[in-house]
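Next up: some structures, all given as structure tokens.
There are two complexes below, and they share chain A, which is joined by chain B in the first and by chain C in the second.
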Partner chain A sequence: MQGSLSRDVIATVIVTAILLWIMPLLIGTYTLTVLVIYGMLGLSLGLIWGFGGILCFGQAAFFGLGAYTYAIAAINIGESTLPMILAVLVPAIFAALLGAMMFYGRLTDVYLGVITLVVTLILFKFMNSTAGPQYVIGNARMGGFNGIPGFQTLNVPGDPGAYIWGDAYFYVCAVALAIVFLLVSALLRSSFGRIAVGIRENETRMSLMGYDVRARKTVLFSTGAAIAGLAGALFANWGEIVTPNLFSLGQSAEIIIWCIVGGLGTRLGPILGAAGLAYVKFLLGQQHLIDNTLILGLILVLFVLFLPRGIVPALVSLWRISFGRRPLGRIHQARRSRNRERLHG
Partner chain B sequence: MDLSFVILVEMLYAVASLILIGAGLAVVFGMMKVINLAHGEFMMMGGYATITAVGLGVNVFVAMLIIAPLIVGLIGLVVERLVIRHLYGRLVDTMLATWGLSLFFIGLTTMIFGNTTTGISTPIPGFAVGGYQINGYNFFIIVVAVLLLIGILAVLKTTRAGLIARGAMQRADMAATLGYSPDRIYMATFFCGSALSGLAGAVLAPLVGLVPTSGGAYIAKAFITVIAGGPSLVAGLLSSAGVFGVVSQVFTFAISPVIGEVALLIAAVILLRLLPQGITGRFFKGKL
Partner chain C sequence: MAEIVLETRALTMRFGGVTAADNVNFRLRARELRCLIGPNGAGKSTFFKCVTGLQTPTEGQVYMRGHDTTHWMPHQIASLGVGIKMQTPSVMDNLTVHENIWLAARRFHPPEEANRKTAEMIERLALGPIARNALGQLAHGERQRVELGLVAVGDPWLVLLDEPAAGMSAEDVERMTGIIHELNKTAAIVIVEHDMQFIRSIAEVVTVFHQGAVLMEDHVDRVMADPQVRNVYLGKKA
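Here is the complex of A and B:
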């Protein structure tokens, strides 16, 4: 993490503005919207996996939960502001409970993966079996395999008649992504973020230094779920229907692939990986020569084998090699960093 | 009386099918610490191999018990040489790479066989117990599972190959010093694990309609059975399959099949929370 937060804010605003101007000229806004939403979903896992070291196999659970919360709340309330807030809160609370159960039980890597995977499956199976009329929350029928259609989509806060859709909805999503990106940047610059990275690097050392590793991991996990929930709610608005497929294993797998391909431990990588791969998938969906899944699988295998750090870190190091300052000798470098420390106190 | 017999058979069948589903993964995970997320797809390919062989006029039992394990074992061998070999000791990376492989195989099977449901009829007729009808094929699955466990135990305990495999499992460096190539041993083990997956997929194929994505139905069950079982191969498989099979059948009979499935998954979460090292991490230590 180099540079200051204010520089980050300026850079993000400029880049967002340029992309908002250029991208709609290249790709239709309807497709772009979903790319942006997937970018946010990728960022949510990128945060907890890349910076917290928590490999969650069930990020789709929080995505789906956000979407379902929004749909059910929107039908019952008939307006979109409160449902949006609920769609962030419900997955966050659910993740906090789940995370507390896992982290206070000191479960790590594989076991964590199994539990998050299993929870996603439980939600998937449960939602698929809610076809009967007895599964009702307020006025909203759960609809089982068919999902929930026909809920109130996003409107201007306070005016349920003024829908936000089409191009305007794209701009809302893009700005939301930029804001979330900035919040994540701020979080990572805060002491909480730096300690999270420390926990990723060496959990025992951080706990010996007196930090409550379990609580911090739980909070980070819950933050990631909140972002995924927001992405889910935006997705529900985009698709205008929510189905149990949001919880499917395939969806979880895709999120992990995005992060791996884009680059772990970077903020930009998962977003670019998500948007890029989703667009590739969209293009592949228009041809019928080769199966879509086959190519995605191949991409994942090849990346794990040959580029396990992902595209963005690889590009960064390529940039450093080609255009960066020549690496200084080791003594020189040490002296320079010492001077810098002295300057910044 | 009749009902309790039927329930007993159903429970044994549930346990047996969990053992079958988990066996291939348990060999690969227990011996090599490789979590093969393409396990479900290996089973699915075993099913397709059986159906194709039967379609070509091969006896169904030959197809299930010999051809399918061989074909899937060979596919596993290729996969091990091309991909897994480079990733030993990197748990998370192997999980991701095998997940990629699973997607790859789903795509490949879809291209070859199409996205339609295929199946074969069960080769053993059912019979009546009192007022209830029992699927005779369930007994076949129970017998196969029992023979499989005995077979694994016998190979590991009594044969020289089993001894070498167990040695390499505990200390690969020591086995290498004694002149056995761990590389070869891992290769052979992965072949055996894949063949077991193929066998399981083939044996279970007559009970399900097979689609290219069928593997997804198996992988979660296999995964939790093996992880909850813990480090011991046979004892772990038996104990966790026992717990999950009974739990899911009790809830299936008491409420509904969907609740049975959900109960199985919830039981897995609770079990892992209480015994994070698996059942045999706490009990039956040092057993096979």
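Here is the complex of A and C:
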């Protein structure tokens, strides 16, 4: 990554401030809030998949787990600070255990995908089956497919009566996303992040250099789950209800599509992909002429065909071609000679 | 005599009916430079993979500086201070030369020290002009050179190189020979090679593999003159 962390901080603060000022003039804050939350969810998968090479088909599981943890803890505790912390910790611990099992068991990527998918399915089925009165945690009834409504929503830390809602809640979510974005940036610039990228590129080489690939992948996987969990808790507060649909495979698939469309291997891509596609879905939801999953599917196909690396990498290339120091000819040349190698190698 | 840093006892590796390594007893002393030769399929790479933990031998043991490393994983063995290059080039193709070498250096040094070591290694390998290029864009010989850099930058005390000179230009081989000699001041080195000229220029003791087993182990001149070796390896009738 180019530049330094302090430049990241300055750029993020400026861009966030501008967006906080302009966006509410264009879109209602209630809708914006959920776009921001989806952006955070997209970033969570973008981190582990784009930079760690871990394709998780069950990122929705951690999102849902965060939301449920928040709801259950908020009902039992009341004040929202500890429930927020738990909503980050529980998915992180769950992912650490699941990840350790998968990575230490030396599962190949395909099985990793299958297992994360199955875990999501199991959670979905389980949450749906908890309608009976025997499914209670403390004072919280799980509620089956109806989910859990009526929990304490976010309050000013220490003051359970001071709810944060409406516009203020939007600003809290946006600032949370900016902070998570900066933490991810710092992580990626640290030795840990650079080593994670090395592992994405060539696991065998990195282990022959002395890195414990299993442990590092487990930690990264768990970090991604923590971010997804935070997004889940923010989502619970936004919707004021949690339902098993949070764990649906459709949700998991959408997160993957966000990352592909936005651009893997970038920090901004998954955020923009998530917010953009979620907004498109929102707009489509207001009409009933065309099925909106059809449109989303079409968008994905078009991207895979014409912009396979996603929006952000394409914009970066465009920027480099237009304003960069490197002349266009050399890029083409390099690519051509690489293709030639591929043909003859 | 110097301490034994690498030893295998009755190391055997079978793949179904094929015995790729057959009862190999191998000893290497500190700061020794050993070449392994043998015809294609003799089991040299299999022996390497068993020693580096990429494969677990069917029978026998591997010892490194007194540790029984037979069932260790590659990263544990590398962490002891063993630099490894396998036969097929293995690098991070989408990362720059600098990043590749830095990642190797960082394993054994704190960040600042790793930066310094990386700069030194890039200088030593004459990779300066291409330090910010991704490895995927480089020529084969340059990638080989970078991989040698990855191995050397961790200051290993044992270096295992499987066909490091393959596909290199004469100039590259010469530079590599210099680096190997320098490494050899502090490290024991095992090199698998087919290039006889290179072996003559660098080796003293040579171990000959044939059909998984050690056929002969002696000074390079005597090995090259041996009729049996010439027969199996060079394909010439004595």
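The criterion applied here is as follows: the second predicted complex is superposed on the first by the 325 of 345 C-alpha atoms of A that agree within 3 Å, B and C clash if a C-alpha of one lies under 4 Å from a C-alpha of the other, contacts with A are read in each partner's own complex, and residues count from 1 in each chain.
As a working rule, a contact is a pair of C-beta atoms (placed from the backbone, for glycine too) under 8 Å apart; a residue touches a chain by one contact, two chains touch by 3 or more.
Quantities reported herein were computed from a predicted structural model and do not represent experimental measurements.
When the two complexes are overlaid on their common chain A, residue A:Ala253 makes contact with chain B while staying clear of chain C. Within the superposed three-chain model, A:Leu208 lies in touch with chain C and out of touch with chain B [touch as defined at top]. By the document's definition of touching, of the two partners only chain C reaches A:Val197; chain B does not.
Shared contact residues on chain A (touching chain B in one structure, chain C in the other): none found. Only residues 55, 101-102, 105-107, 109-111, 113-115, 117-119, 121-122, 125-126, 129, 249-250, 253, 256-257, 260, 290-301, 304-305, 308 of chain A touch chain B when the two sit together in their complex. Residues of chain A that touch chain C in their complex: 191, 194-195, 197-198, 201-202, 204-213, 334, 337-338.
Note for the complex: chain C touches chain A at residues 52, 54, 73-75, 78-79, 84, 86, 90-95, 99, 102-104, 106-108, 111, 136-137, 150, 154. By the touch rule above, chain B contacts chain A in their complex via residues 35, 83, 86-87, 91-93, 95-97, 99-108, 110-111, 216, 219-220, 223-224, 227, 258, 261-262, 265-266, 268-269, 272-273, 276.
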